[in-house]
Each structure stands twice: as C-alpha cells, then as structure tokens.
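Alright, structures below, take your time with them.
One chain, subunit A, appears in both complexes that follow, with subunit B as partner in the first and subunit C in the second.
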Partner chain A sequence: MSTDDVLQTFVAEARELLLGMEDSLLALERDPRDGEAISATFRAIHTIKGSAGLFSLDQLVAFAHVAETLLDLVRDGRVAVDGDLIALLLECSDYLGFLINQIAGEEVADAATQEARRPTLLARLQACIASSVAPSASQAESPRQAPPSAVPAAGEVADPVHNDAWHISLRFGPEVLKNGMDPASFLRYLGTLGEIAHITTLWQQMPAPEAMDAENCYLGFELDFRSEASREAIDSTFDFVRDDCRITLLPPRSSIDDYLKLIAEAPEGLERLGEILVASGALSQAELERALERQRQAAPPALGEMLIQEDGIPAPVVQAALEKQAKGRENRSAATRFIRVDAEKLEDLINQVGELVIAGASATLLSQRSGDTALIEAMAQVGRHVEEIRDRALSLRMVEIGESFNRFPRVVRDVSRELGKDIELVITGAETELDKTVVEKIGDPLMHLVRNSMDHGIESIEERLARGKPAQGRLSLHAYHESGSIVIEVADDGGGLKRDKILAKAMDRGLVAPGQALTDRDVFNLIFEPGFSTAEQVTNLSGRGVGMDVVRRNISALRGSIDIESQEGVGTTMRIRLPLTLAIIDGFLIQVADSAFVLPLDLVQECMELPDGERLQSRGQSSHYLDLRGEALPCLRLRNLLNLEGESSQRENVVIVQYGNRRAGLVVDRLLGEFQTVIKPLGQIFRHLRGFSGSTILGTGEVALILDVPTLVHDASGREARLLGESNAGQAIGSEQPA
Partner chain B sequence: MNAPVTAAPERETEARTQCLTFQLGNELFAVGILNVREIIEYGHLTVVPMMPDSVRGVINLRGAVVPVIDLRRRFGHAPTVVGRRTCIVIVETPTAEETQVVGIMVDAVNEVLDIPDTQIEPPPAFGTHLRTDFIRGMAKMDKGFILVLDLNHVLAEDDFHALVQDSECAAA
Partner chain C sequence: MAKTILIVDDSASLRQVVSIALKGAGYETLEACDGQDGLNKLKGQKVHLIISDVNMPVMDGITFVTELKKLPEHRFTPVIMLTTEAGDSMKQRGQAAGAKAWVVKPFQPAQMLTAVTKLVMP
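Coming up: the complex of A and B.
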C-alpha cells in the first residue's frame, strides 16, 4: 500500500467520522444529557487527530487538539452542553471537513473564507475551555462511582465487592504485534500511574506450537491495579490498541454484576476467569460463588432479569445495560456481515451482467428459430437464471436513500436558524432502496428543493401565527416505491404557490398564450421553465445561482420527473419520481413502421387493439383521443409523431401507459412483448434529443431506442398548446385530461 | 542500401501526419490516423427519429451504441447512397468530458498516407464548398488536393443540438 492509498483511506475514514460526529451532535442537541453522544463525538475527533498525526498533518492535528480538549471537558461535565456549544462544534466539524477536502486534493471554492474561520473558531473554542468549571467534589470522586458505561445513571453502586483496587481485564487482539504495539509496554506505562497489585497472564488462547503464528498476539491479562489516577487517565493508556482489543475497566468497589458481566463475556469460560479473579484478590471466593450461583440459576439471556429479581436493581438500569450489550453485539456482528467492495468492481459486474443479458437474448432468439423444443426449453431455463442474476447484481448496488437524507437534519437546523424560522424536519421512508448512482445524483436537486421550501415555502413565525397555523413549520421528506420507480416527496406546510402570480408572470414572458386553459399542475410546472426563477417571483431563488430548471434538468438526466402539488395557504408538495436503476430494466418491445422501440414495462398498464373506426379517424394526426371505457384517453400516434415511414400494418395497437397520475395511449403497429433491457447511453451527439432516454441492443444485434414516455407526452402536449395558442383559438382545449 | 539510411534523418526532422484518406463522391478527404479506431462495412443501422438527416442512425459496435454521421449530408450535399464500397469509419474525438466515438459514413476508403506538414496549406477563404472550420488544411499531393478534416469541428455536438431544435420546430 503506498502512502497515497493510506492517505485515501484516512480521508474516507475521517469523512465518515465527521458524518458520525455530526449525527451525534444533532442527537446531543435533542438531548443534552446523552452521554453516549458526547463520547462518540469525542472519539471521532480523537481518532481523526490520531490518524492525522501519523501523516504529520499538523494543521489538522493542532485544530483537532483544541476541539478535543473542549470535548474532554464536556465529557467530564465541566462544560455545559447548550445550543451555542453545539453550533460551535458543528462549525468545527465543517472546518475539519474543509481541511480534509484540502488534504484529499479537492478544489475548494471558498478556501480563503474557510481558512479565515480558523482563528475565530479557535478563539471560541478556547473561550469555552476557559469557561469550564473546576471539577466539583462529587466529580473528583467519580472513580469511586460505578462507571457510567456499565450502569448508566446509577446513583449508587449496587452490591459492591470488597476490593479497593481497579480491575483491568485486557485481551489483546491478534493483530496487535503486527500493528507495532508491544503489550508489555502498556503494562509498563500502567506502572507509572500506580501500583499493579496482581497480574494474571492468560495464555490459554495460545495454539499448539505448530499452529502458532509468531506474529500474532495471543495474550490476555487480568490486572488489579491500585492508583489515584482518574478513569480517563487509566483508560487512555490503551488508546492505541482500543480497536483491536477487549478492554474492561472496573473501578474500585464496582458492583458485583459488573464482575459478573466480565466473567460472562470472558472467552476463557466462566469458571476459569472466576478462579483467576479470586486468585488475584479481585473477588473473594464468597463473592464469586454468589455471582456464579445466580448465573447458573438463570438462563444466559436472562442475566438481566435475574439481577432485577435478586438485587432489586431498578429495571431501567438493567434494561439500559442490556440494550447496550445487545448494541455492542450488533456492532460486532455488523462488522463481519459487511464487506467493503470497490464501486468500480460492482460497476464491472453489472456491465458484465448486462452483456450476459444481451447475449442471452440473442441465444434465445436463435433457439426459437431452430424450432428445437429441448433447446428452447433449456434456453428458457438459462433465461430465468440470467434474470435472477440480473436482479441480484442490481440489488448489490441498491442503497437506502437515507444516506442522502442524512445531511438534511443539519441543513434544516442551520437554515432555519439563519432565517429565524422554527422548522421541524420529518423524514419517513429513509430505508427505501435505490441505485447508488441515482442516490449520488439526487442529492443536489433535493437540497435545492429543501432549501427552497424552507426559504420560500414556510412562512415566518409571525405570519404563520397570523394565519392560525402552529408556529413551528413542518418540512417532510418522504420516500416510497411505486410501480418500479422511487418517489421522493418534499412537502412543506407553508404558503403554497400562488397560481395567479405564476400565470401572470408566464404570460409576461410569453410562455403561455392568453386565453389558454391550463390545469393547476401545468401552471405550477411553469416554475421549472428556464429563466422563470428570477427576482420577485413566487418562489424567489435569486442569489442561489441555480434555478428550478436545473433541478428539473438534473432529474430528467436520471430519467425521472418532477411534479408539484400546491394549495395556496396550505402547503406545497414536490414529487420526484425516479427509476430504481440506471442499468437494466424490464422493457416492453413495440414496433412502429420498421423500427423497434422499448417502453419501460412498469409504465405499461394495458394493451388493446385500436378500433377500426378510431383508426381511420386518427390517421395522419400525431395526437387524438380515444374512448377508453368512457374515459377520454389522449393518444399519441408514434408513427406520425416520430415521422417514421414504412409499411403500416393492417391492425394497430394502443399501449396504455401511466406514470404518476397521468395516462396516455401510444398507437403502435405491433406489440413484440417483454424484453430485458440493458440500457446503453446514447452518444453525446444525442444529448439534446428529447423523447428517448437511451438505447438497448436486441437479440438480433440491432439497436432499439428506449422511449422516454413522460417527455414525449409532455412535449406533445406543449406543442399542441403552442399551436392552438398561435392560431388564437379562442377557447383552446387542454390537450391533456388528467386521469 | 544507401537510400533508406539517408532518408531516415530527413524523416525525423520533417514533421509528418499519418492520415487515412477516403472519398466522398469524387473528392478526396483525410483524417488523422490517430483519430481512427477502425473501419467497418456499412451494416444495419437504427434510425433515430427527430434527428437531422446528417445523423444517419446508430449501430451496435460490439455492445456499444455508436452514432453514425452521413458526412456528405453534414457537408451540405445530398445524402449518401449506399454502394458496394460504402464504409463506416469509426473515429474518436476527445471532448471535455469523455472521448466521443462516432462513425462517419464515406463512399470509399482509399489508403493511409504519410503527409509532410510542410505540404499542408491553409484552406482558401472560399471555394471548397465547406465550412472553413471543418478543414484543418489542404494537402498538396501528386493526385491533387486532399482536404484534411478537423474532426472536432465536423463532429461538434452543439451543431447537432441546433439541428435537433430546428427539426423540432419544423415538426411543430
């Protein structure tokens, strides 16, 4: 591994830690007494500082050190947790993020401003540190209390043992020696903090000589240690090996269940460790027997219950300890359940699966031509497996959308403070899965919509109260699956869009002809028109640099669509609809003239033959409408719409497609059936071509284009509206009937 | 034995461009060989609707979908009539984001020529019936002039963009 690789790992790790730290800080804001969150924040900073030290990133280390000092004081309860402190720490996290971006060699746009924040931040950190209160008498005695991690919030130690020394249980991980650490040196250092009263070396993990790896560490120690040092001081001895090792610190006179837990978790087995503890004087024989007796009476998972029954320890305390244990176990097993895979490898795999699907289609086609039943059957079986492999491969790249929702609590918090509004963010459906590539690209448009809703959607507190709404605004992010797409809603309970104002503006700009009848949705969609988002407009975006047209373009680039629902005075919902994946879809193959096209199967509702009467009537027009069981269904004749020439078939078919709540019919010549469609991008030349979202390769080796139905319909209706507007047809008919 | 030895240093001092020459009608054109990936026979093509007719369609080039440009049409002549020697030259042009792979349809492919840079002259202001930015230079060869094309301009995607909009307006 070159230094570069290691640095990359550091950057990735540091970013993860900062993200985690942000989460903890936000958790802390909700509950300032959350000890776990404080520790997590401290650990994040501490680890970043430590790793940065390895790379001599002095700037980063120096800054992290100050932040760490403050967090240490916070952890000791000597600096109170309040909004300002959290705001300060969040800013520090931002600044650290900036430093890390710089280390990663990324271009940072506002490097100078970021750098200018450093002195201010440092000064504020120092001020907080200076404000710390001296440790109070009760805190000075903290080593005598039960460790908060073992029995949180326990006022006094339940059932203490009669041992006035610390008990330290150490199990070095096998990697310790390889990582350049010498177990003996920790013991030596410990000796400088106090007196090691008793030590038992545990060598039972040592395998037989032939199986032993001289580079692995197999040792463990049980220590009894007399010291006046604080828990932190003793604990910090092991900072360098914490990740690899199992370290348990029991303060003097810990409760017996702490020991019990230690015994229960020991890899050596109950009896063995128990004996060691007695031998070392940590426990008296009587105490051990009391503990083991209880252990035996209860089934292992009922350890906690047993404690409640016998010791009268308050149930919540034990519950908390148990939850903690469970969480620890989960974390450990999670580490083994996941493996990190290079995104490129996955990409490769999916491309290969794509090729397999195409090759499979062509083999199937050949088998069908041969007329050999056995072969056809065999190919059908292969096809099924290919389909399954395709789904599995694609699911590998599926991630929960929560990943991109994660940054919003922070954004909402910051922006609402900035705007002086009180906004609550509600996230639902964060576990909805979609393709990683989509997740990455949807972040920015979402951010834009969220900021937009906060800025222009939700009213100021006074305005809200005046309208009889609760002072606290509500912004919700909601994700769910719907017919092969994922839908993400950004909804606010703000003022809503003002239809009249938008319409007036659109007429002003010549986007809408006077007298044109538009549905609400058509009007709202106008705000996505390029150049529409200028000053004094309904959703004022001035100063942001990007408008809603960019949002729509980004979403279209992902083959998605966006719709707005809004009610003046009640709120606005932006609904983004995205395909689950950008790689392979289930398609429906159709033929128009001599060309084959693919429709995403999820859009297809039903197919029917075009009635003869309709056929004659509609010939030559690119759009018309059809009576579908009493409903006027707008139809597009693809042959005319796409200017395709070629033999027309005697019977035409209508494919009825639905997306969102719109329905339309597509008139085609032939229906060719389902087809696994591997999406191939169209070249740069076609970048501005509308109506096609990509291409695919058929079993015959020919290329077929994938129709972008929403755009086709949207453009067709827009064109018709324009034409009608131009011809000044007094009462134009809306080209689309909402379904 | 002497001839190659004396010729070699001359070759080194004099900058040369290796070009693939091809025919459109009776005119000879050349593109830098470094841009050429391969030459394939004219085969089945899928028409892309709503594109200008200088974009003939797309082909499946071993799993990649590659657009094919009708060069004659791009130069403002009548569309190419497919004949026995019609070929598609697959060329690569680097753009800001990625390498663009495009097929260009030609009437016939001739040969690979080593053209000394000294023999390449700037194009005349008019008279070539081509946009001057399409031409990198005119190579003076024994058989007459060969127009060396500037593929970056010939295949500039923004031009096709404009054409897309034109055709959309026409359709509307």
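Coming up: the complex of A and C.
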C-alpha cells in the first residue's frame, strides 16, 4: 500500500469525521448541555489533527490545533456553548472540508475565497479561546447529574464561593445494596484519590422501623473533598452506581448558583441542606443567605425551570433520546469492525459475478438439452449457489440511504435561517438500503428538492400563522422499500402546488394547448419541464427555472421516476422511485414473435392467458382494455407496439405489471419464466429508445432487451387521459385510434 | 483476612493475568471456566466480588448472574461484567440481570484493579 492509498483513506476518514462533527454541532445547538456531542466534536477534530500530522499536512494541523484548543475549553465548560460558537465551529468544519478537498486533489472553484477565510476564522477562534473562564466553572458531564447553570460567557465565574474543595452530593438509591454495591466502598475508594475534608451522612430518608426494608439503602452524603485528581477521575468513582444514584459534583470555587441549584433539588428540604453546607464549610453563612435571597427573588421562573428540568420531561421523550444515544454509540463502535475496500474491487467482483450468472445460464441450458438428469440436478445446485453469491455480492454495495440524508440537517438549518423561516426536518427510514452508486447520484436531486420545498413549499411564518398552521414548518425525508424499488419522499406541510398558476404558466410557455384536459398529476408534472418556474421572486436558492428538469433527468438516468402529490394549502410530497440496484436483477423472460424480452420480476404481479374473445377483438391494435376481475386494465400488445413480425402463436398471455400505484397488462406470446438478468447498458445509439432500459445476454448467447416497465405503464395508463384531452381539444395527435 | 474474588472466564490466560494482578494487590482468588462452573465453585464458599465474562460455553455470564441473584447467600455479592466495546446492549442486559459494574475488554490489569477497588478494598 503506497502513501497515496493511505492518504485516500485519510481523506475518506476525515470527511466522515467532519460529517459526524456537523451532526454533533447540530445536536449541540438543540441542547447546549449535550456533553456527548461536545466530546464527539472534540474527538473528530482531535483525530483529524492526529492523522493529518502523520502526513505532515501542516496547514491542516495548525488550523485544527486552534480549533481543538477551543473545543477542549468548551469540553471543560470554560467556554460557553451558544449560537455564535456553533456557527463558528460549523464554518471551521466547512473550511477543514475545503482543505481536505484540496488534499484529495479536487478542483475547488473558489479556492481563493476559501483560503481568505482562514485568518478571520483563526482570529475568531483565538477570541473565543481568550474569553475562556478559569478552569473551575466546569459543566456537568453526565446526564444523571443536575443540569449546570448557564456558564458566564466571559471573565470570572459569577459569584464564586470561597472554598477550595470539591463538593460532592450523593444520594444512594434504594437498590444499591441489592446490586451488591456498598456505599462505604465508594467512599473508601474516593479516599485514595484525595482527602475527604468533611462528610455529613444524611439518613432523613429512612422510614420508621416498621416500614423500613433492611435490604434498601436510604443513605445520602454531602462531602467536601480536597484532591488534585481530575474531574473525570473523581466522577468515574461512581460509574457503577450512577444509574441508581443522584450524584452532583461541584468543583472548587463553583458559582454560588450551582450550590443554589443543589440546595433547591435536595430532597431533605432547602433549609436543612443549607445548614449542612454551612456546617461542613462548603458555604459560609453569608453565602448561604445570599443564595437564599436570590432564590426568593428569582423564585417563580427559576423554580419552574428546575421542575421542568427535573420532572417535567415526559418519560417517553427521555427514553427515546437515551435509546438513540445508545444506538449511536453502538454504531460507532461497530465501525471498528468494518473493512475499507476500494469501490473498484467491488465493481470488479460484481462484474465477475455477472459473467458467472451468464455462463451459468448457458451451462444450465446445455444441461437441459442433454437430458442427463444427474447433470441437470447438478447444474440446478450450482445455479442456486450462483444466485446466493449474486445476492451477497450485490448486498456488499448496499449502503443505508442515511448517508445521503445526513447532510440535510445542516442544509435545512442554514437555509431556513437564510430564508427567515422556522423549519423542522424529520428523517425516517434512514436505514433503508440501496446501491452505493445510486446513493451517490441521488444526493444532488434530493438537495434540489429539499431546497425547493423550503423556498417555495413552506410559507413564511406570518403566512403560516395567518392560515392557522403552526409557525414551524415541517419538512420530512422518508425512505422505504416497495416491490424492488426504493421510494424516497420529500414532503412539506407548506402551501402546496397551485394548479391554476402552473397551468396558466404552461399555456403561456406553450407547453399545453388551451382547452386541453389534464389530470392533477399531469399538471404537477409540468414543473419538471425545462424552463418552467412559477416563483414570483427569484431568490438565490431556487426559482431560476433550472433544476427541476435537471432533477427529473438525473432520476431518469438512474432508471427511476418522480411523482408529485400536492394539495393546496396542505402540502406537497415529491416521491422518487428508484430501482434497488443497477447491476443484476431477478428477471422474467417473455417471448414475442421471435424475440425474447426481460421484465424485472419484482414488478410482475400475475400472468394469465388472454381469453380467445379478447384476442380477436384486440388483434391489430397496440393497446386496448381488458376486464380483469371487474377492473379495466389498460393493455399493451407488444407485438404491435414494437412492430414485431413473425408467426403468431396459438395462445397469447397477459403479464400484469405494477409500478407505483398503476397497473398495466402486457400481451406477449410466451412466458419463459424467471431469469437472472445481468443488466448491460444500451449502446449510445439506443440510449434514447423509449421503452427499453437495458439489455442482457441469455444462456444461448442471444441478446434480450429489458423492457422499461415504468415507461410502458405510464404510456398505457396515460393513454386514456391523453385521448380524452385530444378529443376535447378537437385535435388528433397520435396515430392510434381509441379502442 | 484477605477478600476473595471469583474470576469466571473461559480463557485460562485471562484468568491467570487477572488473578496475578489481584493477588499482587492482596486479594485471594478463585477461578471458574464458565457460569455453571462458577456456581459450583460458589457452593459453601464466601466470596466478596465476582468478575465474570459474558460469552462463555455451557452457561453464559448473563444466565450466571441471573442464577446468582437467586442464591440467598450470594445475591448481594457485587459482580463486574467483562464486556466488549461493541457490546453495549450486552452491558445493558448484564445490568438488568443485576451486574452493575463492568470493565471493557481489552483491559490492562491496572484498570481491572481500579474497578475492583471501587467495590471492595483489599
């Protein structure tokens, strides 16, 4: 492995870390006390700096070092977390991303501008570092601990108390003894880390003897502790009882407000604990009185807040947050079990498996011709294994769509600020898997749709309030699997598409003939036409009419489709449907005249023989309707549609396919059954053929075309609407006659 | 009198390393190669602390702790679970069973000693 390869690994790793850092920063923005998010941010920068050092990337190291210094202070609670800090760190992350792009040797368009940001960013980082407070107003790190009071932005700790010892407040839970934990053992251990200057045992929680359970623990302690040990070391003493206990750690010279909070939360009652603290020397009488005075003044709001922090949070919310955190941790540690493999190697493997599938099909065919039962059985066995290997190989390339989604929280945050809107992003189904190549290519179209929804979909706050909607708009990204496809929805609860406006504009542009009857779906799809834009004002985000057509083109290039559902005043849902993989699929082989075609098996619903009566009636037409158990099913007769000549068979069959919520029947001569299909792209000349999505090689060595079911279904079911439109407009476009 | 610690792990080398470290700090040790063996060794024996792995043949650590909590003479004995870094859910299961302390594998003998002294002084 050359240094260059390792550098690539570094680049990939650094990008991942930056993404993770962005996530953490956004989490921090929601909850500035999120200790885990602070640590994660710190770790990201720390790791990037460390690895960059190995490659002598001095520029990067120097910058990361300053950011790391600041984050270290933030972690110690010496620099307050606020909006400005997060904005600054996000900008730093962007700048680091730029440096990494340069290291990766990528062309960076505005390199000069980016580079010009460096001195400003460094100056701002230094300013934040300079504003740090003395190393005492530490923030609580564990969620079990009492939430710390707001740390002052600059200067000294607000109103520090005089004593120079740690104050540790412990309330052991009733289960501690049953769990084999002896409170005394922790105190003894603490004694090895420093000197317990003062200890008060609290036994007030102990019930009357008759109500007491001898196996329960009712004790609490207030300790004053002199030690040179780090906060982490002191804190870790209680690792094993943290879940069952209330532990509050106040560093030396904490602010009086921290003590106040401790007193307010004490189950023993305010006065009682105050006395204890004075008696132990943690607080002077004067400090206690000052604290109580402040408590009285600020009582209503402050106490209310405390109650909300302590009790007011609904249990399910806390539970969900904990589970999420736990999952995040699991994911992170799982990462260590991954192996990084060059994507090209996987590509090669999948191509080889493709060849194996084709060769296997040919061998199976030969075995069947030979009529040798043993051989046929052996080949069937081989076939099953090949199928297994195919699935495994393809699954190697499957990644969670979350990878595409995780850049959106940042985008939504930035854009909604820019637009002055309040938008919440909800992501569901991030664990849905699809082909890596698709994930990579879907990012840009998704980005466009998301921006579009935020800009045009979701109304301004005033408008929303006027319509009786909540001020906060909601944008959701939702992914799920549906019969061989992955569906990605971008939905907003905004104003919805305005049908009349779109139609007027389309007529204006000559996209629609006057009087032409169009379904809602058709009208909405007009926004994907090149050069179409209804935005009254062009913002710098969207509205220039470039994009939506590009979105559709990009999605079509992935053999996917996009669909719009919208209700005026309620919202819009853009639904992207993509094939799960672009390499090998389970196909269904059919024959029309002398040619074989493949349909993706996932889209095939059922097959039936075409009734004789229907046959005679429909002969010679490329499309007609079939009565399928009472449902009018649009049918396409492939023989006529594709102009295939050749002997017609005695019987014809209908293959019923479904795509999205539309169904259609395809009339074919013979059903040849399942077939493992290695998709080969069509040559340049055939790219624009409508109705075909690729080709494949059969066991006989012949080429079969893969039918593009979405297009066929669309054509079949759209025909009716079009015909209606034509007759209304009094003009005939197509050559077919209505059935 | 020295405190006794039972080490339950299917790896003989791990038991030995831990045992040497603990003896050096002034503890007595007992060893068992799986949960069932652990329960057998506990019969009629007073121990102050148990260190147990999770993944073991015959009887795993979670079952072992669950069984342990049913024994009147041992149910208050603290248990340190040996978890792997990726085994967060395992840690939770262990805690649910009643093993509230844990040490993450791989560990240095000194780390184990720290965890042990938090629970039982030599």
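Going forward, the second predicted complex is superposed on the first by the 487 of 739 C-alpha atoms of A that agree within 3 Å, B and C clash if a C-alpha of one lies under 4 Å from a C-alpha of the other, contacts with A are read in each partner's own complex, and residues count from 1 in each chain.
We take it that a residue touches a chain if its C-beta (ideal position, glycine included) is under 8 Å from a C-beta of that chain, and two chains touch if they have at least 3 such contacts.
No experiment lies behind these values; they were computed from the predicted model shown.
Peer 1: Looking at the overlay, what does A:R246 touch: subunit B (first), subunit C (second), both, or neither?
Peer 2: It touches nothing on subunit B or subunit C.
Peer 1: Given the touch rule stated above, what does A:R231 touch, subunit B (first), subunit C (second), both, or neither?
Peer 2: It touches nothing on subunit B or subunit C.
Peer 1: With the two complexes superposed on chain A, say which partner A:Y189 touches: subunit B (first), subunit C (second), both, or neither.
Peer 2: So A:Y189 only meets subunit C here.
Peer 1: Under the stated touch criterion, which partner chain does A:K178 make contact with: subunit B (first), subunit C (second), both, or neither?
Peer 2: After superposing on A, A:K178 lies in contact with subunit C but is clear of subunit B.
Peer 1: Who does A:G691 touch here: subunit B (first), subunit C (second), both, or neither?
Peer 2: In the superposition, A:G691 touches subunit B alone.
Peer 1: Quick check on the output: what are the common subunit A residues between the subunit B footprint and the subunit C footprint?
Peer 2: No residue of subunit A touches both subunit B and subunit C.
Peer 1: Mind listing the subunit A positions that touch subunit B in their complex?
Peer 2: Per the stated touch rule, the residues are 355, 358, 595, 642-644, 680-692, 695, 697, 701-705, 719, 722-723.
Peer 1: Can you check the complex and tell me which residues of subunit C touch subunit A?
Peer 2: Touching subunit A from subunit C are residues 75-79, 85-86, 88-89, 92, 95, 98, 100-102, 115, 117-121.
Peer 1: Mind listing the subunit A positions that touch subunit C in their complex?
Peer 2: Touch list, subunit A to subunit C: 177-182, 185-186, 188-189, 192, 237, 239-241, 243-244, 326, 329-330, 333-334, 336-337.
Peer 1: Inside the complex, what are the residues of subunit B that reach subunit A?
Peer 2: Touching subunit A: residues 44, 46-51, 55, 57-60, 63-67, 69, 95, 97-98, 100-102, 155, 157, 160-161, 164-165, 168, 171-172 of subunit B.
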